[in-house]
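The first chain written gets the first letter, and so on, giving A, B and C; residue counts start at 1 in each chain.
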Amino acid sequence: MKTFSLYVPRDSLIHRINPIDKILYTITAIAVPLILPSMAASFLCMLISLSLLAAARVVRQSLPVFAFVFLILCTVVLIQGWFYPGNQTPLFGVEPFVFHAEGLMKACRIGIRVTNVVAAFLLLVLTTKPADLVEELVRRGLSPRIGYVLDSIFQILPQMMNTTRTILDAQRSRGLETEGSLWVRVKAFLPLIVPVVMSSLIHAKERALALEVRGLHFEGQRTWLREKRTYPYSREIRGGLLLVLTASIVWRILG
Amino acid sequence: MSKIRVEHLKYRYPSSEKLALDDLSFEVDEGEMIGIIGRNGAGKSTLCQAFVGLVPHFYRGAYGGKVVVSGLEVLKSSVSQLARRVGIVFQNPFTQVTGSKWTVYEEVAFGLENLGVPRKEMIDRIDYALQLLGMEKYRDRHPFDLSGGQMQRMAIASVIALQPEILVLDEPTSQLDPQGSEEVFRAVHRLREEGMTVILAEHNMEKIARYCNRVMLLDGGKIIDFASPASVFSRADLTRYGVVPPVYTRVCRELNAKREGSPHFPVTLEEACEVLKGR
Amino acid sequence: MSRVVVKDVCFSYRSGEEVLKGITLDFDEKSTAIIGQNGAGKTTFVKLLKGLLKPTRGEIYILGRSANEMTAAALAPFIGLVFQNPNDQIFRSTVLEEVMFGPLNIGEDPKGARKKAEEALEMVGLTEKASENPHDLRLSEKKLVCVASIVAMEPEILILDEPTIAQDHAGMAAIRQVIRRFKEQGKLVMGILHDMDFAAENFERVVVFHQGTVVADDDPREVFSRESLLQRAGLEVPHITRLGWSLGRKETFLTEAELIQSLRGEGSTDR
């Protein structure tokens, strides 16, 4: 079955870091540029996130996402360059489409911010197996029920796709034409949306039975199939992140 | 002391007007294997789910009487509390996959994790259960990428790994190949010899006759008969309840060949051979 | 005349793991039971016939048409498949609509479709449930609804994937009736079965799948005589056959009636 997560299995130090530490990193990398609005801070955070992506050897997998982001940023450059209210210094172009220095600077700042946020998220998403993250959260006191829901969310989409395919298969078998032009496909697909959702709900109800009798709501101490993993440098990472956060807050207040 | 005690159990599903279980009373001892038979809709699955507490806790509906399993009164215990003592395999293998695990191995571990079985023991139990059902080969497969029979095997393994005191099986081998089904029955038989109590709803009468020590015939939610396989399957009015006896019994009845000194017809291969030998 | 021709067909769900390894078969109108171990590739095979999967190698002809080049929908009027899991198919809000869906798709007018659907429901004994929501039915009934929904399309070729699951005696009788009806009309019926007794009684030909290959293909009496082969393929002989052999008979009995006759016959000469 296809997986829905973007996780890329690699053997890198970043992959071995505690998922929770990675979440903390993502939060910090997003928070610092908010606390310190200077361009340098954002730029630095972005650089760090990008180099961590490189260290995790997932640059290639992040390229499609960056390409998409870049496309959107292009429109930002155009709009800000031309129409930013603070525009004063024209650089090049013909009326009314003249690029201004202020607008381009603004676009640049937005670009760096966005890239930073995306890179920080990608670092988490590309190097962390969702199940590992959920397990770590449950070990730290998240309710196993919520853990189950989170785990199944990562499977729900592929499962829905599977269900859609099987139901579609069954209706094809009974003469419903689903191949051919876009219109044929859409016409075949629309009436199936309700049944697919229905069928998922019914499955969910029957599945709930199976979960109940396998103790999903059991109140006692639970255990794990996998050994509790020890993640490297956890203390250092947390200490470091805390330090960076405090430092930037202090800087902000003093500066 | 009896392992299961049912007193005047009555149950009606919320969406229905008629009783699905109508005033059942019986007891089952430790180590017994009880076969539940009856036509489609007789109430077999409903009764099975009454042992694990899904009836009434999950479905709600109108409930009367008392069911005590392993010393726990079902009405007063939660499904999870009961889950430690009673395990159930459902009729449809396609709908008992958790949908949160990525491999067959993890899938079997699901219940063990919830019930807090220590890790080392968990691994032993999973390995044992997978091996028992011939599923080691597929341990790293995604649970949804299995054939129908393989899914059913996984479902059985998941419950056997829980090592319940009472095992409830609702048509557990309908999609298994003949040898696979026989292996499951042998495995269950072994577990029974180790003291497990087994309840089995099944349409395969030959298996019931071979493996169960008592048979409960249900119709319209009522107990019609609850006795030895030979006695139940020798009833002349069995077909009135939508049930046909094992082929061995049918042949012997046709030839009017009863067991010596017994009012009953043979129900297993061995018994049939005994009375038909020399013909 | 050949209804279905399968030439050296291979298939795999993931590369490197061949599920079907070069199947060559030819089906005329003889009703055929397909038996084999779990995971042997039976369901995969019939999905290929139905055009739902396309072979990685080899060719399939359905009534002279190449299945490789036709969509499943285009094949629908000729070949009907009842799925192993009824939940895969059921999607309308009443039983009658569910059963009418197929006939309507293949060009039947609403009145004709309704008539065929009602007949099919009658055949499987579900007339009374026609206006119920199929999702609310029991597993055994859902399975019969699926059978009816294919029967109503009156295909030339009918494939049943484990039809006897969850059926009681009456349900089995209904399925037997469907098979008989198709046979009488000279149509090809194929059934995937784990119930050897049912296979022996109701089919004229038995094909044994084992790990993606066909290891036996003959009439039932022949196939069920080969105990060691069945053993290897995860199967067993029918109960009645076993009883006959245990009583020292050499022949392979396939039905109760045959054995009883044999026992009666000899019993009377003894006396």
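Convention: a contact is a pair of C-beta atoms (placed from the backbone, for glycine too) under 8 Å apart; a residue touches a chain by one contact, two chains touch by 3 or more.
All values derive from a computational prediction rather than experimental measurement.
Chemist: Show me the overlap between the contact partners of subunit B and those of subunit C.
Modeler: The shared contacts of subunit B and subunit C, listed by label, come to A.
Chemist: Report back the single chain whose CA centre is most distant from the CA centre of subunit B.
Modeler: Result for max centroid distance from subunit B is chain A.
Chemist: Name whichever of A-C and A-B has more C-beta pairs touching across its two chains.
Modeler: Here the pair linked by more C-beta pairs in contact is A-B.
Chemist: How far is the middle of subunit B from the middle of subunit C, if each middle is the mean of its Cα atoms, in Å?
Modeler: Using C-alpha averages as centres, the distance is 27 Å.
Chemist: Any idea how many Å lie between the Cα centroids of subunit A and subunit B?
Modeler: The mean C-alpha positions of subunit A and subunit B differ by 45 Å.
Chemist: Quick one: report the Å distance separating subunit A from subunit C, using the average Cα coordinate of each chain.
Modeler: 47
Chemist: What are the residue numbers in subunit C that touch two or more other chains?
Modeler: Expected reply: 87.
Chemist: For subunit B, what residues touch not just one other chain but two or more?
Modeler: Residue numbers touching two or more other chains: 92, 95, 145.
Chemist: Residue numbers in subunit A touching 2 or more other chains?
Modeler: 203
Chemist: Which subunit C residues qualify as touching subunit A in the complex?
Modeler: My answer: residues 47, 50, 52, 71-74, 76-77, 80-81, 83, 87-92, 101-102, 105-106, 135, 149-150, 153.
Chemist: Flag every residue of subunit A that touches subunit C in the complex, lowest number first.
Modeler: Counting only subunit A, the residues touching subunit C are 166-167, 169-179, 192, 195-196, 198-199, 202-203.
Chemist: In their shared complex, at which residues does subunit C touch subunit B?
Modeler: Against subunit B, subunit C makes touches at 13, 36-40, 43, 84-85, 87, 136, 138-141, 162, 165-171, 194, 196-197, 231, 234-236, 239-240, 242-243, 246-247, 256, 259-260, 263-264, 266-267, 270.
Chemist: Where on subunit B does subunit C make contact in their complex?
Modeler: Residues 15, 38-41, 91-92, 94-95, 145-150, 153, 171, 174-182, 203, 206, 239, 242-244, 246-248, 250-251, 254-255, 269, 272-273, 276-279 of subunit B touch subunit C in their complex.
Chemist: Provide the residue numbers of subunit A that touch subunit B in the complex, in ascending order.
Modeler: 1, 3, 131, 144, 148, 151-152, 155-156, 159, 162, 203, 206-225, 227
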